[in-house]
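Chain IDs A, B, C, D, E and F follow the sequence of writing; residue 1 opens each chain.
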Amino acid sequence: MDIFDLPMVQDLVRQAFAEDVGAGDLTTQLTIAPEARARAEIATRESCVVAGLPLIRTVCELAGGGVEITECVAEGTDVGPGDVLARLSGPAHVLLTSERVLLNCLQRLSGIATLTARFVAAISGCGCRIVDTRKTTPGLRVLEKYAVRIGGGFNHRMRLDDGILIKDNHITAAGGLTPAVAAARVGAPHGMKIEVECSTLAEVAEALEAKAEVILLDNMSIETLSRAVRRIGGRAIIEASGGVTLDNVRAIASTGVDIISVGALTHSAPAIDLHMTLFLE
Amino acid sequence: MDIFDLPMVQDLVRQAFAEDVGAGDLTTQLTIAPEARARAEIATRESCVVAGLPLIRTVCELAGGGVEITECVAEGTDVGPGDVLARLSGPAHVLLTSERVLLNCLQRLSGIATLTARFVAAISGCGCRIVDTRKTTPGLRVLEKYAVRIGGGFNHRMRLDDGILIKDNHITAAGGLTPAVAAARVGAPHGMKIEVECSTLAEVAEALEAKAEVILLDNMSIETLSRAVRRIGGRAIIEASGGVTLDNVRAIASTGVDIISVGALTHSAPAIDLHMTLFLE
Amino acid sequence: MDIFDLPMVQDLVRQAFAEDVGAGDLTTQLTIAPEARARAEIATRESCVVAGLPLIRTVCELAGGGVEITECVAEGTDVGPGDVLARLSGPAHVLLTSERVLLNCLQRLSGIATLTARFVAAISGCGCRIVDTRKTTPGLRVLEKYAVRIGGGFNHRMRLDDGILIKDNHITAAGGLTPAVAAARVGAPHGMKIEVECSTLAEVAEALEAKAEVILLDNMSIETLSRAVRRIGGRAIIEASGGVTLDNVRAIASTGVDIISVGALTHSAPAIDLHMTLFLE
Amino acid sequence: MDIFDLPMVQDLVRQAFAEDVGAGDLTTQLTIAPEARARAEIATRESCVVAGLPLIRTVCELAGGGVEITECVAEGTDVGPGDVLARLSGPAHVLLTSERVLLNCLQRLSGIATLTARFVAAISGCGCRIVDTRKTTPGLRVLEKYAVRIGGGFNHRMRLDDGILIKDNHITAAGGLTPAVAAARVGAPHGMKIEVECSTLAEVAEALEAKAEVILLDNMSIETLSRAVRRIGGRAIIEASGGVTLDNVRAIASTGVDIISVGALTHSAPAIDLHMTLFLE
Amino acid sequence: MDIFDLPMVQDLVRQAFAEDVGAGDLTTQLTIAPEARARAEIATRESCVVAGLPLIRTVCELAGGGVEITECVAEGTDVGPGDVLARLSGPAHVLLTSERVLLNCLQRLSGIATLTARFVAAISGCGCRIVDTRKTTPGLRVLEKYAVRIGGGFNHRMRLDDGILIKDNHITAAGGLTPAVAAARVGAPHGMKIEVECSTLAEVAEALEAKAEVILLDNMSIETLSRAVRRIGGRAIIEASGGVTLDNVRAIASTGVDIISVGALTHSAPAIDLHMTLFLE
Amino acid sequence: MDIFDLPMVQDLVRQAFAEDVGAGDLTTQLTIAPEARARAEIATRESCVVAGLPLIRTVCELAGGGVEITECVAEGTDVGPGDVLARLSGPAHVLLTSERVLLNCLQRLSGIATLTARFVAAISGCGCRIVDTRKTTPGLRVLEKYAVRIGGGFNHRMRLDDGILIKDNHITAAGGLTPAVAAARVGAPHGMKIEVECSTLAEVAEALEAKAEVILLDNMSIETLSRAVRRIGGRAIIEASGGVTLDNVRAIASTGVDIISVGALTHSAPAIDLHMTLFLE
């Protein structure tokens, strides 16, 4: 089952149509004959990593179908200004109604893939992963995390039910880091590693003692990160997070952490400037 | 019916929970007693215009309810780093499960309101409106356009069915601008004005002749905009669009256009850095 | 995106099947072999304007598909008793299960189109539009307003969000007609005209002064309508409403109003007597 | 579980709001303060049997809640012009947004109850039931059949899965009336009676022979109906259908049939002219 | 409309995918090329009556489509260990994602059909029906009752709205069995028989007097059942229920009852051990 | 967010009502006054571990509400024949309509919890977990896995997206066990352990070499299991599966495996015989 066949993705596109089209495209209905046919090109006005091309089919099908689609580049390709991503041919009404829904999806996913690719490039050679967070747009989690993968990043847990991540509140409530890890270990599914968020080296030491399998170093300076990495010494996977930017990501990676998580990948990636040009036949 | 009571908004929040929580918050279930209670503060780490506060109630209700909410600032307030937006008190499980869904909504809506407010401030005194476009995030149209209003902007049409906007494709298909406007006028609901997109002064002249009630000047230079405004001479509402930035928006507004539409308001506003701090009781 | 491809229309037909079929057509299952094939004719027992033919495909697809459909008349055609609207051929089970859902849709839409056409015919030559209202059947708004268009009428606003119509309550709440129009103008999307409901000539005068773009004359006598039309003198679009019947509609149109809105089009049009005859093969 | 608590009824009202309100009531938002409160009266302009009053609560809750409702007459009461059905008090925005959805429901259900009551009155004393058919408005089956009951009528089967009704097509496919009844009897749930549609006295005789438990006399003249009733002689329940009007229903009932089914109850009942008056506080 | 085309069945399969696949089959995505193709065989490890084969198409379509399906046995066939039920050929990803959803459906439906067939065989020749109850798995009512039919059983009422079954609570509330039957008769749809639950012979006598059309003998000993059957003497259909097992069902049937209802058919049938073997191409 | 507040659980209960109630409880409507009140007791006729009590509130709320609920035992309690699980008090119509939906849920969840508890008891002291599989009833995954936890078992992965489990097909497709593990490691989220299914000791050796973190020993004899456990020597978590019964589970546990997965927990647990007794007031 392809991600674009998932019920939740199909539902999202239906919802996108519902909110964009309402009871119909008035202007098109009044000015273009129902039987008119057209060709269309989707192109970019800026450099980007393309993500979301398979949605073209989903969107056009839901808009009425009958559209022939030719992808001109592969998903994940690095393209430049003026490059054509796909060519479409079919009923003009279907193409025109699809336009905005399609571009709204592609410009966002490509924006995320592009920003992810920049982070990935910035740490090239460091042997470290860029991963996303749960800071995604409501309703778009699955697609946005897909775009991160297209951009060369990796996914952190998808939801609260597919990973154990013990944060300060859990530690306080459980009466300390050690008992929190113990409690988690008792009930955690056997396929999940236990990850603990640490803000100080003392916490790192305690997490190691408690045999945490992943240690999240939260908002530490480069120097403290380095010391934490040394102290951990390969006994746990190390994730760094907090205040990561394109400017400091390489320094962070150079400390030897395994994983760097970046919320901005999904919550602040600017949209790519895509457009669709129509040629009536 | 408040916007936050709309079926589609309730459905969006339910969907946000479904994708973030899945079968339950494993870590919290394993480390925090079900009967634990907590207080929480939602605060901002950067200056912003707050938007989305009424969603706190919606989210907490869907997460299980029983949360007392105190809004510390009014919707639309300009706040600064460290300011507390709201205080919550209730079951720790409900607060922890609500946290990410809540912040993901608020950080996005506040981001849009904040960017809108900057555009609005940039043209202060020009007697000109900043409006949004249909370039919104799939599924979030209604909320994002609400955030634009909170930021002091105005809404362009909500969907393809609540406005007539004749673009180049419609003009080509109808055999010219004049017949396109005529066709639209025949069938347009009597409460809608007919808007026509023009790229040249010649088109502006034809649109005026055809008695278009709104003229959209697309991607024109400041100089051409000025000439177009003079030529229209108050006979139509004038909208400018295309390539609008915080740097050039005041120059555009100074040409005398009535409306400036900015896609970036909704597709590229960076999220505001909000966080929730929990205090277990 | 054709109106019949809209998610909400597809959902309505699914709902119609759910409520009509439940767990299956017991009688047919017990008496007709699953592999039986049949032809069917949909015909009318009375004169009408046909509306809803494209739904045949939607309904038959949802009922299991495999039906060949031949439309014998075009959507909107004026037909007489005995005329065949469409011929179908396919699995007997699919045709029998589709029958009632199909006829229930067509008889209602054709009823609305037919009544609309009678109103339109009654004011022929008056240069005036017949429009519908929001007095539609819950769940059928989009289809019923479509049927009005098929009958030669026009649509008033589709929903509360795609038009500004200031009524007495708004006027009272805003402290008068003039401030109400002013308040509306401040926030109304720039593509919408402001319509004001007036019951007296004094209100008409005030509405003109406030530069209302559409004036709704509510429940006025023919004489008062005439005086209102003269007073307005082309400075606003004029809509008449209230107590409009086939008997008085021409007199109303003759006063010079631009638009006559008729609630009965959608809330009281009697169903057309259609039937489907099946021929087993 | 009250009919108005059924998931499908709740969903219908949500859908009615979605289609009527869209993204919000623009005019009210622009002209009435959010905190304004009002009282409202729902009254009728014509005589009718009231049906649908419990929906007031459902509708107001979905519109935002906080409305106090006083029903002034009981469901099913016969009221006259000017009578007030219910008084409401609450937030003005909630009342205004509820108005049209509420009236659209009540005017339709009351229309059906009223027409049903007229048919019931017309055969008063005949010991015969008026029943509805499956010719209902798509999506409203449950509510419309409820309104028939409120009007004093009875329900025929609700769906294709809760009754056995053998029609001409089933007879043809099964190779005759007798084998069709036999086939149905083999598989029919033991709590259902087998009903057979007959158009001639010969068919009636065959249906009796086959031990049909209900015989539907379709489109027979009064005289033929009388002869059929005599021939059946109490050995089966008798239903008459086809071309039933207020003019001929008593004659039909007088033939001694047990049940008269009338499609017009649900497909052609004109809406009752109800209105809501608002008093701002 | 085939049962597998019913909206509720399509929705159930979508829901089954949503809960089993979530955001995608991680292991398959990481280890198998998207374009890989495979063949698969669905076979049984134990004897059973096969039910649910038509779901293969539904499931594979929803999982992405492109699968060629060959059913090797007919629905309802009695098969033995090692027998192949169906062969599939198509994209490996689609087959792998479909596997668990498909088997979970088939193993349950076949389990029910198999258990039903054993009950049916146990009373072979007794002229008595095995019927199901409303004790079904939430969400699977329609499919489970279908499986009962495939196993040779019959369905009791599908829901609370398609049959009249008066139990002790109704009798108490109505002030006795006789008034309860009378009340039911007044309002029951004319196509439904009135069934009354009786626990004693006295109640049976009263039910006969009240002209109940079906009498449900609840939890009676074989001897009491026999006496009840004799007392009823063909004047009502007789259903026996309560504590029915494969051990006692023949004795119950031999008392002469018409119908035996067995809750275990649907609530306690063990799943059949089916498996799918994949052959990569 | 409690599991019973999850949108998918709420939807399941709504669906259960839709399929059980349809258009309403006919018998109750005809025989019991709408205002009647009653008390009810839910009790068990056999020993079991109770699971699902929190659903009582969910079900009664959806059925109309107004029910006071007193749980007489805690969730997960071991109860015996005749024990009362909960007492309810409220509108008779709400209680009667809730009865079957409620019992259908509770009897199934308690059946699963009870069977799980028997498996857990059977390996008491072995230091080994009983876990479930993905062989659950379509639509009930989350609730059934919850019942396993109530019975003292643990959950295996919830879905295909929250765990890596490499089976034979993945191994074949990837060109061997070692490359399959390598491929999985490249893309697996960092919080997930990689589990590999092995059928032979040679595969176990290869899996160890490939550094699989969990090894699933599939369908091995007790002797082979023991040898595999020794060979693994603590270097991976060990899961045993295939043909596990109450008879052999202790022997399997005694080999030293960490985890035993049992499909029967969810696919073949017989329902517990629960009933609800009503006392009208």
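The definition used in the following text is that a contact is a pair of C-beta atoms (placed from the backbone, for glycine too) under 8 Å apart; a residue touches a chain by one contact, two chains touch by 3 or more.
Because the structure is predicted, anything quoted here is derived from the model rather than measured.
Within the contact network of the assembly, the step distance from chain B to chain D comes to 1.
Comparing B-D with the candidates C-D, D-F or A-B, the pair whose contacts agree for more than half of the residue-numbered pairs is D-F. In this assembly, the C-alpha centroid of chain A lies 51 Å from the C-alpha centroid of chain D.
A straight line joining the Cα centres of chain A and chain C is 44 Å long.
Chain centres here are Cα averages; for chain A and chain F they lie 32 Å apart. Chain contacts: chain E has residues 8, 15, 18, 21-25, 97, 141-142, 158-159, 161-165, 187, 189, 192 touching two or more partner chains. Of all residues in chain E, those touching chain D in their complex are 129, 131, 154-158, 161-165, 187, 189-193, 195, 214, 237, 239, 258-259. Within the complex formed with chain F, the residues of chain D that make contact are 1-3, 5-8, 141-142, 145, 158-159, 162.
For chain A in complex with chain B, the touching residues are 8, 12-13, 15-16, 18-33, 36, 38, 92, 96-97, 100-101, 103-105, 107-108, 111, 134-142, 158-167, 169-174, 180, 183-184, 186-189, 192, 263-264, 267-268, 270-271, 278, 280.
Residues 14, 17-18, 21-25, 34, 62-64, 93-94, 97-98 of chain F are the ones that touch chain D when the two sit in their complex.
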